[in-house]
Amino acid sequence: DFLHALQEIIPAFGASTDNLERCRLNGVVDCGERHKHIYQRAMLLVEQVKVSKGSPLVTCLLEGPTGSGKTAMAATVGIDSDFAYVKIISAETMIGLSESSKCAQIVKVFEDAYKSQLSIIVLDDIERLLEYVPIGPRFSNLISQTLMVLLKRLPPKGKNMLVIGTTSEVDFLESLGICGAFAVTYHVPILRSEDAKKVLEQLKVFAEDDIEAAAEALNDMPIKKLYMLIEMAVQGPHGGSAEAIYSGKDKINMSHFFDCLGDIVRPY
Amino acid sequence: DFLHALQEIIPAFGASTDNLERCRLNGVVDCGERHKHIYQRAMLLVEQVKVSKGSPLVTCLLEGPTGSGKTAMAATVGIDSDFAYVKIISAETMIGLSESSKCAQIVKVFEDAYKSQLSIIVLDDIERLLEYVPIGPRFSNLISQTLMVLLKRLPPKGKNMLVIGTTSEVDFLESLGICGAFAVTYHVPILRSEDAKKVLEQLKVFAEDDIEAAAEALNDMPIKKLYMLIEMAVQGPHGGSAEAIYSGKDKINMSHFFDCLGDIVRPY
Amino acid sequence: DFLHALQEIIPAFGASTDNLERCRLNGVVDCGERHKHIYQRAMLLVEQVKVSKGSPLVTCLLEGPTGSGKTAMAATVGIDSDFAYVKIISAETMIGLSESSKCAQIVKVFEDAYKSQLSIIVLDDIERLLEYVPIGPRFSNLISQTLMVLLKRLPPKGKNMLVIGTTSEVDFLESLGICGAFAVTYHVPILRSEDAKKVLEQLKVFAEDDIEAAAEALNDMPIKKLYMLIEMAVQGPHGGSAEAIYSGKDKINMSHFFDCLGDIVRPY
Amino acid sequence: DFLHALQEIIPAFGASTDNLERCRLNGVVDCGERHKHIYQRAMLLVEQVKVSKGSPLVTCLLEGPTGSGKTAMAATVGIDSDFAYVKIISAETMIGLSESSKCAQIVKVFEDAYKSQLSIIVLDDIERLLEYVPIGPRFSNLISQTLMVLLKRLPPKGKNMLVIGTTSEVDFLESLGICGAFAVTYHVPILRSEDAKKVLEQLKVFAEDDIEAAAEALNDMPIKKLYMLIEMAVQGPHGGSAEAIYSGKDKINMSHFFDCLGDIVRPY
Amino acid sequence: DFLHALQEIIPAFGASTDNLERCRLNGVVDCGERHKHIYQRAMLLVEQVKVSKGSPLVTCLLEGPTGSGKTAMAATVGIDSDFAYVKIISAETMIGLSESSKCAQIVKVFEDAYKSQLSIIVLDDIERLLEYVPIGPRFSNLISQTLMVLLKRLPPKGKNMLVIGTTSEVDFLESLGICGAFAVTYHVPILRSEDAKKVLEQLKVFAEDDIEAAAEALNDMPIKKLYMLIEMAVQGPHGGSAEAIYSGKDKINMSHFFDCLGDIVRPY
Amino acid sequence: DFLHALQEIIPAFGASTDNLERCRLNGVVDCGERHKHIYQRAMLLVEQVKVSKGSPLVTCLLEGPTGSGKTAMAATVGIDSDFAYVKIISAETMIGLSESSKCAQIVKVFEDAYKSQLSIIVLDDIERLLEYVPIGPRFSNLISQTLMVLLKRLPPKGKNMLVIGTTSEVDFLESLGICGAFAVTYHVPILRSEDAKKVLEQLKVFAEDDIEAAAEALNDMPIKKLYMLIEMAVQGPHGGSAEAIYSGKDKINMSHFFDCLGDIVRPY
């Protein structure tokens, strides 16, 4: 099942799985039913791609708020498939390149993938690939056109491909018409108190009695931000208490925890 | 007739028919009266072009929602004509090119076609050729001007040509004035329940008793999406059931079918 | 008179009259008083240019809906003048050129014309020369400035010139200030039923009894579209009847005629 | 006085006066008090420039409707001054040049003028120099900045200069701030009936009895358009009567005159 | 004091003071308390820069209507300081340069100034340096960013600098945020009747009895425009009277004076 | 504590601390509880970065009005950490560079920092790095995309980094989505009277009795502007009194102080 899959992450082959692993720096813990469901549906698409005749190209979009776990999810699906070619396309490796160079790099990854019988491509943070800013709005139409064509272009005969996109700007993609270019779309949610509680229990940095209150305060928190908050909280109000807490000797000071929470969720 | 024509698809000549064939990956099945009617009218234009003196250039636009079967229709007309030159102009083969290179390639196809006595050119997905995005809106005016001139420019004396355009953004083309540049326009519709039922009967993946309910649920579905949905549904809820269903040993699980339908038509 | 002139079209000199002839592919038939009147006024301007001292440059704009016969009219005036230099400037011969190359070509034609004592230049489809699209709107200001200067710049001493422009976007030209740069403007209209009837009688493809009904249905039809419609109608509902009708053995099937009419005038 | 000056136009020196002469193709006739007044004020500025110590640069703008006689007026002032350097800067000689080339040419003329003790520069049709179109609006800011600096930059010590601008888009120049850069501005008006009558009397192409009616119809007509209208009218309804009228043997046919007037002032 | 300073203008060193002198072509006369006050405050800043430790960069903006005397004021402060490096940066010397060349020149002046222990830089007519037009509005953001950084960047240790800006578009600068980048801002006003009267008395071109009336009419006049008006008025209604008036033999004709005033202040 | 830290500023290593020192030209004095609190929280982040495993990248934004002390604060944190690599990225060192060169320089600093086990990068005045102007608004999307990617990209394994941004245009950054890219944000405030009083007491340039009134007038003053004001005030109304005051022999003249205050806070 999902959790099992999450635990037995065994790199199938060298370098590129390393990259995928960096995408889930805090590992993958059980964080509620909804994340689990999406993982399962995505793995079904992996199965479909393996056997399909009439749909050599399957496309799937993971959308949700910043930090909700989309990239980690996509990386996990890529790792858990046993496909020969799994690659993440991310803005990080293309900083400062011209639109057309980015375009060329994206196309190159697709061309490479076409050579494998089964491949997965992750288009990570599509709004960043598109150089999107809400003011204007501005974005690269060259890259947007390229993606729209690639999301529709069939691989050569006999090759099958799964494309997973991630985005936290689904409305923008919708307005471009890129959303509609994906066959299916899943919403990756932020955590509810009950989900957060599950995560906190696994982390073991709170006193038993404090978990309930902490989880309550973490309602509607993205999982990525939760990890940052815990890191701040373990320092303690005067620094230096992290080691003791991680080793289990101490627990997080609740008043300092709420201070950190306040710093992180400022009222804009 | 239409269906007969659809069945006896025999490539008249090498490579380019291959391309046309890739445009109808799931073949061409009977999917209702309205598709049939458009096919017949388009074939009449083919006849007209063969004998015309006063109208050496005939232009026809197929417009309709994404996946309604426009490209497959245009490819079928191209294949079923016995014209010496049939070519599809598509954004797929021009990814990442500059506007002016695209322009040059488009003009080149027309110049080549002018050398044949009878030719068909398919301008596939005109909005994609124009690099259109609704935000702005933005598009390539260079290419738009080129198309408007080409849709009006007469072939040399003694040469006749049919141009078929396809688009799912007819309002945009209308606002550019490109719609008006086509002599005739046909609307390629999505399927109604009765049309979907016809298709499902031909596919033989549902139990007899389920076809009615399935077709009902498929009202207003584009034919292309219908094929993707069937592919998802045949996997079964836990994967692995595709082979059994396609070989006729098993039928689609209706509850899984509705799950897949839900994934595909998300409420935006 | 007008009709006489229309019939005796005898090319006065080689290549360029060929081009002008291609501009009236379906010849020039009598299509009503209003077209005739404009032709006569334009020929008066030809006379004026021949003898003028104080106005070495006369400019005249033909505007009207798409297909109303503007280009054919301008070409006819050019042919019927016996001027040594008659040239049509059209977007067709400049596809894909940069703005500045187009500009240079336009200026070149004027410079050439300045060498003849009497010359006519047709600026055909000015909105296309300007690369106009209504969205934005966008257009080439470089070309628009060039035209505005050329429409005001005097030829060298002793040379006289007539410039005829055509456009179906008169409001746009008006808003640019190009309309006002022409000394006179004539509106070339679409056909009324009575005009259409005259044309149909000359074409002899309808049964006597059907002409009235056909003409009635053709109210407000541009003459160019009328010719396309007739070509479609003569094919017959199953194709193949064109020859019989053109040779006079058969007549157009009225029900098929109305079907074709429906295809051509779709309600957008 | 003004008329005297207008009659004795004797080119003081070669080529450049030729250019100035082409700017008043129909000569300069008496067309009313208002034109005369502007001429006199402009000639006073010429005097001021000759003797000024504290204002080595004087600038003056002639604005008014298209064809009201601005260019002819500026040319006349240039010719009637006996300055060593008189030059007209016009878009005609810079067709198709890039903004920066135009800029360079304009600056060049000023640099040349700085070498003469007394100079006049006419900036003709400033909106055309600025490549202005009302849509947008668009214009060359490079040229606009250049003009604004040149209109303020002092000539070298001991050199005095008069700059005369002309424009029919005074509101646009106002909104750019170019209007305010001129020290004085004069409005060159269209003709009133009484002014038109004066002109017609000098032209002698109407019968005595018709002049009153003709002048009445010419109320609010720019003088340039009046000349074009007269040229059309003298052709007669069937052409060929021009010579007889100019030689005095015949007079303009009033009904044809009104037809021509109708062609020229179409109701947009 | 101010007037004393104004009178004893002795160039401290070669060429660049020449440039500064050209900035006050009509010298510097007493034109009221408000101008005097600004001069004194600006000279205090000069003192501060001489001795400051903690504020090595002091910036001051002179803003006011066109012709109110800003440039002359800044030049005067520059001349009256005894700083080793005083430089005016003006659009005049950069006509037609690209944005980045202008940028480079501006930066060069600052770099040069950084080498002197004490320096003054005048950024004259900042809106012109920025290539500003109100339509759009358009301006050079490259130059605007450069100025904003330069107005904040500290000179090297031990070097002190005063930057004086002038502008007649203070609202525009405000909206860019450039205004706020200056430490202090002074408004240079147009003249009131009482100020104008002072100036007229010093000029001695009016009859004693006329001065009052003339000054009355000059309320709200910028001092630069006042000088142009006087130059026009001394010509007399028929020209030629300038010499007599300047030599004191004659006085300005009041009716002609009012005519000129009318020409200069047209009601837009 | 904060003040202690502020006093013992001892450069840990050569050149780059010099740069950081120039960022707090007037040193760092006690200016109230709120500044102190922010300093302490920021130093906690420094501690966190030292020991973190799961968050190798911590990001923090200091936002507040112009002159409120953001840059000095960031520089102080950088100096007080004992990290091997501390670097400030500022528009000052990139004047006139193209967007892409700026981009490259920014990326270079990050790449360099990735080589140190612990590093701090100060992105000073982010709106200036982005070449922001409120009109439009305009800004460099290239740089904005680069920053957004860099604020999310993880350093290589084993390297930890703290990024501190400063801005006085927090609303703009918010609308770009850059604000949300920082893990925590602190608001650096202007001074209240009580804060200003503290500062004035430390400066010792006012008479005892005047401090209360002066501090009262300085309510809502940014600390940077306060220093400029004091510099102006110590000159005295006629200049020359600075030395006496700084040496303690004299005190600031209160009436002159209020004059200077008036010059600095003009009512726009």
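As written, the chain order gives the labels A, B, C, D, E and F, with residue 1 at the start of each chain.
Definition applied: contacts are C-beta pairs under 8 Å (C-beta built on N, C-alpha and C of every residue); 3 or more make two chains touch, one makes a residue touch a chain.
These numbers were taken from a predicted model, which means no experiment stands behind them.
Student: Give me the set of chains touching chain C intersected with the set touching chain E.
Tutor: Chains touching both chain C and chain E: D.
Student: When you check each chain against chain A and chain D, which touch both of them?
Tutor: Correct list: empty, since no chain touches both.
Student: What's the rotation, in steps of 5°, that superposes chain C's Cα atoms on chain D?
Tutor: To map chain C onto chain D, rotate by about 60 degrees.
Student: For copies chain A and chain B, work out whether under half or over half of the interface numbers are shared, and give different or same accordingly.
Tutor: Different-residue interface.
Student: Measuring between mean CA coordinates, which chain is farthest from chain F?
Tutor: C
Student: With chain centres taken as the means of their Cα atoms, state the distance from chain B to chain C in Å.
Tutor: 35
Student: Per the centroid of Cα atoms for each chain, what is the distance between chain D and chain F, given in Å?
Tutor: Roughly 61 Å separates the two chain centres.
Student: Where in chain A do residues touch at least two different other chains?
Tutor: If we look for residues of chain A contacting two or more partner chains, we find none.
Student: How would you write out the ring of chains in order, opening with chain C and then chain D?
Tutor: C, D, E, F, A, B
Student: For chain B, which residues are in contact with chain A within the complex?
Tutor: 22, 25-26, 66, 91-92, 95-96, 128, 131, 133-135, 138, 225, 227-228, 231-232, 235, 239-240, 242-243, 263-264, 266, 268
Student: In the complex of these two chains, what residues of chain B are touching chain C?
Tutor: Interface residues on chain B, with respect to chain C: 41, 43-45, 47-48, 51-52, 54-56, 58, 100, 103-104, 107, 137, 139, 141-142, 144-146, 148-150, 152-154, 174-177, 179-180, 183-186.
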